[in-house]
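Both complexes shown next keep chain A, but they swap its partner, so chain B is in the first and chain C is in the second.
Now for the complex of A and B:
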């Protein structure tokens, strides 16, 4: 079980992920609504894993991923993408993301990916 | 003509037959006594290991054929190569993405895409995969990286065991455009126009997809049971969901209250 930082610009998606992760026994370290806040919260909270939305205001998920990786090269970041954003997934994996989940979320898939990444 | 063992549904019972398989036809012996020319076949569907072949001469007649995988594979290949359908040679990848996860060992296969009444078939030397038209969620002409180059493909999103699955078709752009138009026309019964949900309705639909039950949805969206019931009614009316379970809310009668009071006493 891990301490997780949820990054998404919509409250609904953050709440949904929070519910799914909580049901899987994880702890929510905190939430961020954009990329800049994500990097700051990562520095402050040092979570075991980050779920990172791709499209966000101020700083997008890929830039935030770079920022987090600069702080901690071993950071475990799982990208949250929409269906059809496979190119974005490839870019994120190249940039250092450990995994990805696709919106709309299915709870078992989310928990499985989080478990795999936490075990890596 | 070769003969293969099969069962065929005849007068609502399964009958064992020796199915005759030729280059351009199959022969169903007694008690069915029919010869089906592949060029007359207008639809091919598959449910588990039952192949449903619909042929049209004067009227449309469907035949249900049950057999082992190997036999069905031969039948599908032969029929789909010559049946009365929209057919084009293409590269395809099916499935390419399943439940949002890219299939790691998915590869482009050389073969054909055959569109019949009830489904879209991906046919190669090794496999025949059918996507029922009723399971198609979206069709999009899009780009995909192929050998390092952004290339035009048609993406077909469909449901498979409740999971959103994507298949890709690759061929020259002009052919892709024709395929895209044809598929859009074939699946227009699935058109989502007029299927409107308001903001909360969309959120509820998304939560259902995420696997949440009514109680969790009410809590998460902070909406009363009656409002959720209303949203469910709308979603059901639009054909976006189906009822799986009907739960009941009850309250204890006087007799019930007395029962639990007694039960509590006996536990103390």
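Now for the complex of A and C:
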């Protein structure tokens, strides 16, 4: 069970994800609505894991991932992605993301991935 | 589906924002390429797609997906924006809006098939593939989407593993069949293994996997001291079906790579962000507003009681309550204010559609969209404003040929501007079109039997323009799809008046027209004068009172069935409120009220005072309420009708 930072530009997705993570017994360290906020929140909250949306305003998920990795090379970041974004996800993985979950989210898959990444 | 019910409201609210953002940027894009607009549209569609998929709205997702496919090409510079494509995407966005409406109403979008739009989008893609790709790679490529294959430090396949003293293993990894991005899973497994040792060979190569050439299983050799168990755990992960590890017999040393990443500190701001905005359901806000109104009424009661009993301490305490309630009331008013952009944002699209339909060229400018209005006023303003804008383009602006012949620029100009003027919000709609043809208006009015030819001949042009607001009047020769069916300016005027606003028009033939809407920023709280007739109280809105004068019964004149009085060289009709309130014998005071340019006067017994009141609308169960816009409860608990001047004069 970990302390998780949820990053997504829509409250809708954040709420959805929050409820899934709650149901898996995780705690929510915080939420961020864009990449810049994500990096700032990471620094402040030091979460065990970050779920990171890819397409966001101001600073996208990849840039935010780079920012977080620069702060903490061991950061565990799980990308939230959609079918058709393989290239983006690959880039994220090469940048240091530890996993990914595909929208529309399926609760068991999300929890499995989070568990695996927390264990790594 | 039912598990997502809780998210419905949120989904609708955010989808609307994204939809609006998309339409706004589509219109920007029509004027010329704009990378920021393209990115914004892409982001909005992408978010809409993800959200609709999560809610299980398959049709909506399908439509978004098809739109996203096209925008991916526009974003990468492979395809360019054309008017045809703009129309297609806007049509799609209309369907999306209907879908959001449907969801808001409790539906699941299944009643709205996007087949036609999706088909058209697919067809467009097919057509594009048929064409050569002239613009490809012309600069506008989005960097972040381009994976750079160079970023692979380790893992070049080598035929002769040379791992020194470190034990080496051959690992077979099979990704689960149901996995949606098998190649990504493979990359994650490889990444996890790399953290534990040095990968000596890998098949297929990382470059190949990166390029998507991956069928679900890979073989790699790794030199690692982590042990079989740790390697197993690292390779095993989500959606990995099988991992087989075998030790390699031959062992040679390999220089272990420095895996620790450069510890660069990103220059990010220290300021942690707090939640500064909050979404509130409008019904809750309305409820709070009702409570505040009750407080205002009860504050009045308390004040009155304290005055009657002359208790000093209580007066002081009430003074404090009074201040808090006033502040609360003001704050509530501010919270209910919404910027006009809320409805303005939709209008460029309307202008564009009407102009295109009529083959006209129009430049549309909006100003003052940040001016705020109460939500209740805003709700009632949408339709009239839409109607006026359509009118301006449809009837006002001439076709480019006519304009050129008249020595005007081809492109018509329509300007919508709003600003706050003391206690009112003024919205102006100006066009440089043909203006109102006064003779045509008169002719039409005579034809329709609204006025006689004799009256028509005596009308000034201002009076003739007023005819436009008569019920059933329309100067358009035929009913077009654009300006609405038979709905004339009379409906617009009535809508504006029901918001306690006024509408005026000025027109110069050949030069254009100017509509001016004067609106109160809020409707709920009104400044009124409390008067008494025949022992009963009545509230008259201060905004419509021009003058309060002495009244002598013997100075009236009988004209026909009515009575009038000469006051400051003006003949004013007297309105006895006998029917409403009963006959009074006193009536020493005359209240002169004005609506538009017409004045009349009401005799009353005495004026009690002036105060701010909350007007509560009357229920529809009460029959004819002509002349009364609502009631208010005064401090002593008396329920007092509020006079509706508009319907009286």
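We adopt the following convention: the second predicted complex is superposed on the first by the 120 of 120 C-alpha atoms of A that agree within 3 Å, B and C clash if a C-alpha of one lies under 4 Å from a C-alpha of the other, contacts with A are read in each partner's own complex, and residues count from 1 in each chain.
The definition used in the following text is that a contact is a pair of C-beta atoms (placed from the backbone, for glycine too) under 8 Å apart; a residue touches a chain by one contact, two chains touch by 3 or more.
Predicted model only: the values in this text are computed from it and were never measured.
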{"item": "Chain A as common anchor, with chain B and chain C clashing or fitting", "value": "clash"}
{"item": "Residue contacts on chain A - larger count, chain B or chain C", "value": "C"}
{"item": "First, second, both or neither for A:108, with chain B first and chain C second", "value": "first"}
{"item": "Touching partner for A:44 - first (chain B), second (chain C), both, neither", "value": "second"}
{"item": "Partner chain(s) touched by A:27 [first = chain B, second = chain C, both, neither]", "value": "neither"}
{"item": "Overlap of the chain B and chain C footprints on chain A, listed as residue numbers", "value": "12, 15-16, 83-84, 86-87, 89-90, 102-105, 109"}
{"item": "Chain A residues within the chain C interface of the complex", "value": "9-13, 15-16, 32, 36-37, 39-41, 43-44, 55-57, 60, 62-63, 66-67, 69-71, 73, 81-84, 86-91, 93-94, 96, 98-100, 102-105, 109, 112-113, 116, 119-120"}
{"item": "Residues on chain A engaged by chain B in the complex (per definition of touch)", "value": "12, 15-16, 19-20, 83-84, 86-87, 89-90, 101-109"}
{"item": "Touch list for chain B against partner chain A, complex", "value": "97, 99-102, 140, 142, 144-145, 155, 157, 163-164, 166, 203, 206-207, 209-212, 216, 220"}
{"item": "Chain C - residues contacting chain A, complex", "value": "7, 10-11, 14, 40, 42-43, 46-47, 49-51, 53-54, 56, 65, 68, 72, 144-148, 151-152, 180-181, 183-184, 187-188, 191-192, 210, 212, 233-234, 237-239, 260-261, 263-266, 268-273, 279"}
